[in-house]
Structure formats: C-alpha cells, structure tokens
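Next come two complexes, and both contain chain A; in the first it sits with chain B, in the second with chain C.
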Partner chain A sequence: MRLEPISQPSLQRRLLPPAVAIAASFLIAALLAQIAGGNPFAVFGLIFKGALGSKFALLETLNRATPLIFTGLAVAVAFRAKLWNIGAEAQLYAGAVITVVLGTGALAWPAPVLLPTLAIGAALAGAVVLLVPALLKTRFGVDEVVTTLLFNFIFLLFVSYLLEGPLKDPMGMGWPKSSRLVPEARLPRIVEGLRLHWGFALALICAVSVWIIDRKTTLGFEMRAVGQNPEAARFAGIPVTAVILKTALLSGGLAALGGFSEVAGLKGSLTLDLSPGFGYTGIVVAMLALLNPIGVVAASLFVAMIFVGADSMSRAIGVPTYLADIMLASALLLMVLAILFTKFRVRRD
Partner chain B sequence: MDLFDILLSASFWAAAIRIASPLIFATIGELICERAGVLNLGIEGIMVAGAFAGWISVWAGLPLWGGVAVALLVGMAFGALHSVLSVPFGLSQHVVGVGITLLATSVTFYTYRVVLPEVSSPPKIQAFQPYEIPLLSDIPLLGPALFSQTPLTYAAFVLALITGLVLFRTPLGLAVRAAGENPSAVAAQGLSVTAIRMGAVIVGSGFMAVGGAFLTMSAFDSFFFDMVGGRGWICIALVVFGAWRPGKAVLGAILFAAFDALQIRVQQTSLGTVIPYQIFLMMPYVLSILALVLMSRSAQVPAALMVPFNKGTR
Partner chain C sequence: MTAVGQGAERGTPVLRMEGITKRFGSVTANEGISFSLYEGEVIALLGENGAGKTTLMNILFGQYSADEGVVEAFGQPLPAGAPRAALDAGVGMVHQHFTLADNLTVWENITLGTQGLAALSLRPARVKAKIRDLSKRFHLAVDPDARVGNLTVGERQRVEILKALYREARVLILDEPTAVLTPQETDALFATLREAIAMGLSIVFISHKLHEVMAIAHRVLVLRHGRLVAERQVAETHPQELASIMVGGDVGTPDVPAMPAGPALLTLSKASAGALRDADLTLFAGQITGIAGVSGNGQGALSDLISGVLALQSGRMEIAGKAPDKWDARRAIAHGIGRIPEDRHKTGTIADFDLTENAILETYQSDFARAGWMDWTKARQHTEHLIQTYDVRCPGPETRIRLLSGGNMQKLILGRVLEENPQIILANQPVRGLDIGAVNYVHSRLAAAREGGSAVLLISEDLDEIMKLSDTIHVMSEGRLSPAFARGAISASELGKWMAGQGFEDAS
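Moving on to the complex of A and B:
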C-alpha cells in the first residue's frame, strides 16, 4: 500500500473523513454501552440530556469546558510548532499554586489590581515549568515528551507536599487542602445568579488572542514554519531555538491560566484533585480541533458535553463514566487518521 | 540503620531485583519497538491493560501462566492498533502513542467497572510465589537476592538475554535494527520495512503488557487504578539510558530499582522524618530526567527513529 498526496482536495474530501471519525467513535461507544447492559439510544439520550437538558446542565458543561479551552490551546500552540508538550497538567497546577500563594491574603489589593496580578503570576509560573523541558530539548536534545510527562508526576508530588506543608489550611481539619482565596481574588460570575465565572470569558479571549498571534504576527508565522520543517526554517533565517522557547512560554502560560481560572473562578482553594486530567484531555481537544485555536473552543464544548453527560448518565443507569474516556481516546486516534485521508489517497501497489 | 547496612542486606537487593523485573519487561519491549524505528508511547496504557488482563484472567479461573499469556495477547492487540496507525499510515508516533495510552487505560477502567461493579476493594488472586533455585539460592547475599525470586522475574532476565541474542546474532535481528537505522537499505534487500516494524511494535507491546502483569501477579496480588504510576514513561528513559542495548538496559533497570528500594528504606530512617516523603517519591522521576540529560550527548539513537518510511519517497 502507498499514500498518494492529493493536490487539490475537494470540500467533500476535507469534511467527510473527520465526520466519519466522530461518527465511528460514537459507534464504538454504543457497542461498549451495549456490552455493559445499557441500551445505546438510552445511553446517548441521557448523555445529551445530562449535558444540555437544563440550564443547570448547560452551565455545568460550560464550566467544565473552561479549563479544557486553556489546556487545549496550550497543546495546540505547542503541537503547531512540533513542541510535544504533554505536561499541561503540571503547568495547570503551577498556575493554581501561584494563585493560592498570592491570593489567600499575601496581597491585600483590590480586585481590579489583584486579579490581573494573579493571572500574570500564574501564567509566568506555567511558562517557567514548561521552559525547563524546552531548554533540555534545545540545549541537550532531550525528547520533551518524556520530560514533560515525568514533570507531571514530579509537580503533582510537589503540590502534595505544599498542601501538607507550607500551603496547608490551618482550619482544614487535617485535609491536604489550601486556605480559601480572599474575596478580592475570586473571579466574579459573568451574570449574577448564573453559575458561570469570568474564567470562561478569559478562555474565549485567549482563544481569539492565540488565533491573532497565529495568523497576524511574525511569531505565529515562525512557529508554523518551525513546526513544518525546522531545517528549512533555520535555513530561511528563523531563530529556531528562540521560537521553540517562545512557544514553550506561551503554551505553559496558557495551561497555567486554566489553573488560575479553576481556583479563582470555581473552587476557591487548591486540592490535589483540582484537575481530573485536564492536561491530558487538552491533547484530545487540540487534536479534535485540528490544532486550530477557534476550533479548540468548539472541541472543548464537545468534550465537556460528553464528560458532563456521561457523569449524569452513569448515575442514572450505571454504565461506567469511563465510556466517555474511551469515546474521546478513539475519537483522537480516528481523527488523526481522518486528517491523513483528507490529504492523501491510499493506493495499492 | 546505616547506609552500608542497607546496601549489604540481601533483602535490599532482593527488593531491587523485584522492582526491576516489570521495568525489564517493558524496557525490552520498548527497546524492540525503537530499534525498528518506532517510538511507542502507548507503553504506559499497555502496561495498565496488561496488569488488569493478567490479573482478571487468573481471578476468572485461568492458571497463572494463562494469565501471563492473556496479558501478552492484550498487549499485542494494542500494539497491532498502534502499528497500523504509525507504520503504514505513518501518523505522528507521539500522537498515536498518547492516544493508545488513553485508549488502553480507559478501556481497562471501563472493563473493570463492568466486570466488578460496586466492589470497594478489588479481589485478590494467588500470585506467583518465590521459587528458590536449588544450590544457587544458597550463595550468601547473591542467593536470596537473585535466585529466590518468582518465576516471572527469571523470565524477565531470560527475555532480555534472548532479545539481545536475536537482535545482534540473527538475520531477523539485523533486519529489525536496519529498519530503524536505514529502512531504504532494508527495502533494497527486498524485505518489507512495514512488516518488520509492525512485527516489532506488536511483539514489543506484548512484553510491555507482561511487565504490567508482573505488578498484579507477582509484585502484588491485586489491581489498583494508579498502580502503573508512570513506570511506562520511566522505561522510555531507561531505553535511552541503556543506549538501546538490552544488557545495558537491564543494568539501568536494576540501578534504577536499587535507588527506588533505597529511598523506601531511607524513608524509614531518621532522615525520613526530616525530609518530606514526597521528595523520596519524586526521586524515580527526577533520576529518569537526569539519566536522559546525561546520556543525551553520547546517545546512539537509531537513525530512523520516528521517521515514517514510504516506498518511492526518498
């Protein structure tokens, strides 16, 4: 078998394979639901109802999508430049840690000053956390996939240490949990009475900013050039190392803002279960979005819908929530294959 | 307890060899994949799937070696999926690998919940017991450390030996290594690079799964959700540390396991009350990163690692 590039892919050629990929992942989930004793139609009905069926459900889905937009953007920005950042989980926690360090009373500032400070501090922390593996890549040629993955474990243990030591809430009855943020450090709700905070708006602003950086700035052009062919980029005079490091700062910062948004907007304090794998799910989100920043928003909403819906479905009829994880993992694999089919034709020798 | 007392105790080295065993299986599996030119980041998820598959089969009534065989087959199945996507279709090995890890992990957890709904603690099985090799196990220090282990540990060392022999002493091994160094030359010999690479990924993934099964069937006797806990990623570092050679990889795994066994013991000394336990738990991951940095300058990376091969394109 041989792959033959298609020079001018038709609209149908570009849209059909991704659509088939999504449909196939639904089919796989349906089969597995059937095995677990759940009627597939009932399962999907309950998933959609649980995610979109009421005002409460819809807001829950938007809240769940918020951190995924941040980690999805972080992954998309990095993967575009072929910087394989699998460490968004650690960077998200870095942002959360800084938010708690500065936001629990250390800075007695009014909200309009404090909140931007926390956001910037969080972004810087996340940027530094990814800068280390990025430097190991550019200086020593160490594969960043493995180092960013290993950093996830190291950083989570570090957070565990902080929550049992320096950051432990003295009023926390011995639970490994930080003190609560001061009121000025809390992100307010967008509309009074609706459980949706400004973190969601910040996520949308970030998505648009990344899109602008990608399309309208030199850095965006350089990042794409490095991603497509680092040798050619170097030959064309693009400072490849500097571009990789700038990408790392941007990517780590975005993931960390997710941690800031979760703590300041939703939870109000830091615990070790702040993220149920938002960093890893960000990879699925970014791939489903074809690494497009605006697509990340849509993909996050889709993924959040599946997760929130699956939780509610599982409570109702007992099919395990891991059905959602299987669906998204298969969607990821099928989507990368689908992207290939939009550009290549398979020929038999 | 003094550091020297620890280092000279047989129980310490027995623990090191025991901790090294699953790492040896999985590192050898990853090494086979990478020698053929494919980075297999599915390793973490495949180990989770293997750990579950072996354990649940024995729980359902299969003999222990039957459980190992089931784990091997499950690993090979995920390897087959990885290889189809990464070899003939040439998709990004990073993305495919992470995808396989997510898929294998979630399928495992889903199956666990379907097979064992509403159990608070997972059932235990009768795991592999230590088998003392006659005569050899009587040697002081070395005997209890090396020759009083479970059969699965002996299997890990035998596997590493056989892998070394096949890779460096047989035409098959030459073909595998050439597929990772210079696939065009392999194709010029009339061999199928696609078939060699797919075979290597499938077989290697099977061994990773057996490494996972070691955890539930030999080191422990039950399955927990986070029991693999990054061992797969550590094995990827061990392949680099071992310079893609089975012998060095085994030594690396033992060295690494010795550090792990040491940190557990130091935690229980007076030092353990001063230093937070998280620092000790970080050590394996920090050491892996250090190993990667140290070996990066002298690393003999297979030249065609992560480079898809397409006939007709040069």
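Moving on to the complex of A and C:
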C-alpha cells in the first residue's frame, strides 16, 4: 500500500475526507460516551440541544465562538505565511490588558470614540507582542515556535503581577481582578435583550477582511508567496522580511482583538481565567479550517458548539466534559490525516 | 561515433512494457507505449521535455501506477506501483535528481534500505570491499568512506550507479544522466556504461542530446506528446532525422548576424561580491555577452549581484552610466533587468501557485495592482496572452505551475521577462534540461530580444551555445572574469585554457 499524489484534486476529493474526519471523531466520542455510562444518542442529543436547542443556548455558543474566531484567524494568517505563531494566548491577554488600562476610567470619552480607541490600542499591543519574536526570527533566525510559546507563560505571569499590583481592583476584596470597565467602554449587545455582543460581529468582519486581504490585495499575494517559497519571493523582489513583519502585526493584532472583545463584550473586567486557552484552541480551529479565514468561522462555531453542548450534557447526565476535549483532539488528528487524503490517493498493490 | 557492441540477439526480453497508458487529469502523459529491452542492449528514449519519458520510466520503476498496460522484467510481470518489486527483480534507476542522503557516507548510502532494521550483522568492511570491487570493475572511482555531502555532482552520480549495481541490478535506467556532468565526466560515464553492457547488463538511457544517443545506444525510441512515434536502429539513422522526428518538424538554428553594439547598459569595474572577484564586465545594447565556464565558478554570484539579491562588496556597478544608490531585486526589476534564473523550481517559480500568480510574480506591484489591490482580471488576461504568445502548453492559467514540464515552465518565465521589454536580460543556463525544440525557441527569442536592443548576458556551461550566440565572450574561472573576446576571435580550445584558469596566471 502506498500513497500517490493527485495532481488536480476534485471538489469532492477536497471535501469528503475532512467530512469523514469529523464524522469519525463523533464515532470515537460515541464509544467513549458509552464507556462513561451514557447512551451515545442521548449524549449527542444533549450536546446538540445544549449548544443549539434554545435561544439562550445558541447565543452562548456564538459568544463562545467569538474569541476562537479571533485567535483562529490570527493563527491562520500567520501559518499561511509559515510564521509559526503559537503565542495567540499572550497576544489575546495583551489586548485585554490594554482594554482594561484604557477602559477603566483613564479616558473619559463617549462610547463611539472610546470603543474604537480601545480596539485599536488592543490590536497594537498584540501586534507588538508578536513583532518581537518576528524580529528575532528575521534578524537572528530565532525559532518563533519556541519564543512565542514560551512568551505565553511569561506574559501570563506578567498579567498575574498586574492583577496583584498596578491593575488590582481596590474594591475587589483582595481577589486578583481588575476594576470594571466604565459603561462607555463596554461593547453593547447586538440586539437589546439578547446576550450577544458586538464582538461577534467584529469577529465576522475580521474574517471577511482577512479573506479579502488574502485574495484581493498585494499584501495577501505577498504573504502567500513568502509562505510557499521565500527564496523565489526574494528573487522576485518581494520584500520578504517586511512581509513577515506585516504578517506578524496582522496576526498579533487579530488575537489581541479577541482579548478586547472578551473583556469589553463579555466579562467587563480582567481576571487570570479570561481565556481557558483560546490561543491554543485557535491553532486547532485554524487547522480544522485548513487555514481558510471563512473556514475559521465555521470551525470556531463547531468547536464552541461541542464545548457549550458538552457542559450542558454533563450537567444533565454526568458524562464528563472531557468528552469535548477528546472530540476536538481526535477531530484535529483525523483532520491532519484527512488533509493528506485530499492530496494523495492510496494505491493497494 | 559508433554504437558500442551489438545488442545481443533476442531471446526473452529483460524488460518489456506493453500498452502503457498514464493520464494525469486531462493530460495524457503516456499513450499505448510498448517496447522490449534485450540483454546487453542499450536503448535510448528520446523526446522533448514533457514528451513522457520520465513518466514512462517512473511507471517502470513503480513510482507511478499505469492506468493501462503491463510491465514485465525477465518474463515475470511486475506488480504496478511497487518500486521494491522492480528493485528485487533487478531493475535499478539513477534519477535525474539524486536520491542520496548528504550526511551519510558513500557506503552507508549504498546499503541504505538493503538491510532490515533487525540486521545488526552488517559488516562495513565486507560491504566496502564489495563496493571497491564494483568501483574497480566498472571504473566508478569513489571512496566508500567519503561523506556524500562533500562529493561533486559527477561523484554522486557514480554513487547512484554503484547503489544499483550493489543491489545486483541487471537493468539500469538512467534519466538524463549527462545533464549535470562535465564533458570529461560524461566520457567517464560512457566508459562505465560500455563496461556494464559488456558484462551483460541492459540499459535504458533517457536523453535529449542526440550525439550522446548516437554514441551509446543500439536502438532509439522517440516519444512525442506521450506516444511512441518512431523506433530506429542507431546504425540506420542520423541525428538530423532523429531531431526532426523528435520535434515534429525541421530544426532551425537561430540566425545571429553581427550587429553594431549600442550604448553600455551595465558596467562592472573591479566588482567583488560573494564568490565573484574583481570582475570587469560591460553589457552593450544589442549584444549578447556570453559567460563561458564550468558552473560553480562564480556565475551564481555574478547573476545574483545583477539581479539584486547579492550586495556589492567592493568595486563599482553602473546601470546605464549611473551607480544606483540602493540595489535590491525590486530595483533591479524596475531598472529593466529581466531574469531567467538558473533554477526554475527554487528561485524562478512558486510550485503551488498557478500560472497567473507566477506570471505576475515580479510585476504584480507595478502592473497588476492599484493602491494595494490586485487586478486579477488583468493578470489573467496577461497570462492568457503569455500562454498564447510563448506557446506554453497547459490546461489553462489556473493550472498550478508544478504540473508543467520544464520546457513549458521556461517558456512562461521567458514570456514573463520578455513581455516587460527588458533593457538587460540575465539568462543563466537558460536551456538547461530543455529539449531541442525548446532550446531553439529560447535561443531565437534571446536573439530577437538582442535585435530589439536589449543587452543579453548569457551564462552557460555549453560552449557551443556560447559560441553560437555570443557577440563577445568572457570566461569565468574561480570567481574571476577573463577579458572580453570578440566573436570568432577565440577558438574553443583557447577558451578551454581560460576555463582551466590558465590565462589568469599570465595576467596577474
């Protein structure tokens, strides 16, 4: 048995294996649910119901998907240019920190001015956080996988220091927590009375923007060229270093907007548990989406659905929520395999 | 030139391919090809790039599975798509691009894959003795303990051949074996092959160099557009006939009449950069300046300097009489320097980009974008124009360029450069790996560009190519550039002396 490359894969060839991968991850989860003592049909039924079954559930899923869209886009943008940004977590927190620094009373501006300022400030902070590893990469050839990954831990400790020190809420009864944002710094709900904030809309706008950059602009063309063959790009006069740095700015900025959206849209203040690993899950999302920005939206919704649904299912029948983690992990691994089958066919000899 | 020995008479073919058909999507790479190879025989597979030679051999060797047809070795059918089976049956292939591990020694490379994981009893001394014995018998001088990364291209090829012989191959398939060799190395290779035939091995020799085919083969199979169009005994044919069958028409050589030199467009004085040392060079409008020499003597540095990816260390470079303040690839392109790169795959194209994206790779900023927005409609039209004008055979502009044959890829690159009406054309080994049809096409296009007033810098290892096309010739050796010789003012043997670095000592 061996693999043979397919020169021009058909649409079916490109879509079928990923679909099978998702289905197989469900099958694995069903097996585990059975072992954990739940009827698989009931478990999945409850997951779907818990994620999509009511208006409240659906909005919860959309809220959960929002930060994943941001971090997923950040990873997708970087990975396409072969800039291995594992640091979306730190960049997200950088955005959150700036939002809190500027949004808790430092700027007494009306919401229409303050909110864009916070968003831009957050994006810049995230951009700078990724710019440093990118510069180390382009200047000295330092592996950005290591620097971005390790910086996550450094930055989380830094945030911990901030929450115990300069940013600590004086009214917080000693909890490591920032002051609450002023009302003008809160992202309003999209529809009054429904628990879904404008951060979700911003995420969708970002996804479409990334798609447009990728397909329609010179920057997107340059990023793809640098990602695919930096040597040929250099010879063709594409400023490779500048493109990598621009990619870093875009990627870091996108992840940081996720932090802004979480703080200003959902939480209202910064705590150390703002992100349960959104930065890392963003990598899963981006891979599931095959690095396609529109696919990132779909993958984020899928992942959020599993998480939210599993929470609800677990409360109802006691099958542990780890089922959600296993489903995602198996979906990711199977997806990597599926990608192989979109490009190669198996020959049995 | 006479063929070596005589194809031993018939009997069971050592190799037989029957009715081989292979399609890649809408492209048929091989269609109903049948042939047999007998013991002690050399057959040459001749054909243009993209004619299907390499595909056919990959099927034989199990890299691809044929859609139709059978492959037999020594009368036994080979299972499709199993390289192992071909190896076990005694068929060895020496690929155009070597498949050696640079960080291992010669003997380690040769034994790689011949031993199971559990075989701890591998005895280096015995293996090396066998390799030395094979080297001696087949005139393949290689030190078994040398690290492959330190070997020359010619030596690596010997390792590849030894690898096949070590595995007791009775049939050798050589894919464009001389493309990477110097003339001396080619002679040595032919001596080895003659030795092999004398010992009863059989050889399939893939090439598009007619004189080599005439020199080594008994029988020639000519492929065109994936079909077997002719089969000739070498003794009963001549190069002109083969050439015309191969390209499907009469072969014309480009006519490059002398013409007066225009103004100097590029001047190097005492220029040093990378491997290039104190080079003096002037490129004139309406002239082809040839750089002869064995590759690896600083040609890369010269072309990188002019294309703007290598900085000048000392000396001076002037473009149209002025030394540019800053020099990089984008400025080079903006100054009208068109680049036909030595390595099409690595520095010329992006394999997974489609033809359109590759066609605009150097000019997307200036010609196909406005304020940062790509104009894909215009880019596509431009690409369609290139495909038509430069006869690029492909399914369409959205084809990924990796699916094109070398010749068609080069035509697209040629179009990309020439459509910009470049002042200076930097052609580094522009016909390497191309068939006669494509070679003549590239040459006549370069000649036409010269007539249109461009200055052409032609870097080539092929002395015939240099002498046929160039108005002035320099020789490169160890990073140094010889003085300019006018066309006809220097003989090939004299150029050869410069190549060996002789004139330089006199000068210094």
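Note that in this section the second predicted complex is superposed on the first by the 342 of 349 C-alpha atoms of A that agree within 3 Å, B and C clash if a C-alpha of one lies under 4 Å from a C-alpha of the other, contacts with A are read in each partner's own complex, and residues count from 1 in each chain.
By our rule, a contact is a pair of C-beta atoms (placed from the backbone, for glycine too) under 8 Å apart; a residue touches a chain by one contact, two chains touch by 3 or more.
These figures come from a predicted structure and were not determined experimentally.
Overlaying the two complexes via chain A brings chain B and chain C into a clash. Contacts of A:239 after superposition on the shared chain: chain C is touched, whereas chain B is not. Once the two complexes are laid over each other on the shared chain, residue contacts for A:223 go to neither chain B nor chain C. Contact with chain C, but none with chain B, is seen for A:231 once the two complexes are overlaid on the shared chain.
Residue contacts after overlaying the shared chain place A:150 against chain B, while chain C stays out of touching range. When both complexes are overlaid on chain A, the residue A:347 reaches chain C alone and has no touch with chain B.
By the document's definition of touching, neither partner reaches A:305: not chain B, not chain C. Within the superposed three-chain model, A:83 lies out of touch with both chain B and chain C [touch as defined at top]. Within the superposed arrangement, the part of chain B that overlaps chain C, taken from 2-10, 182-190, 218-226 or 290-298, is 182-190. With the contact threshold set out at the top, residues 2, 349 of chain A are in contact with chain B in one structure and with chain C in the other. Those residues of chain B that touch chain A in the complex are listed here as 41, 81, 85, 88-92, 94-96, 98-100, 102-103, 105-107, 109-110, 113-114, 117, 229-230, 233-234, 236-237, 240, 276, 278-279, 281-282, 285-286, 288-289, 292-293, 296-297, 310-312. Against chain B, the residues of chain A that register as touching in their complex are 1-3, 32, 35-36, 84, 86, 136, 140-143, 145-147, 149-151, 153-154, 157-158, 160-161, 164-165, 280, 283-284, 287, 318, 320, 322-323, 325-326, 328-330, 332-333, 336-337, 340, 349. On chain C, the positions that touch chain A within their shared complex are 24-25, 64-65, 79-82, 85, 307-309, 328-333, 339, 341, 346-353, 357, 361-362, 364-365, 369, 372-374, 376, 399-400, 403.
Residue ranges of chain A in contact with chain C, taken from their complex: 2, 4, 7-8, 215-221, 224-225, 228-229, 231-239, 347, 349.
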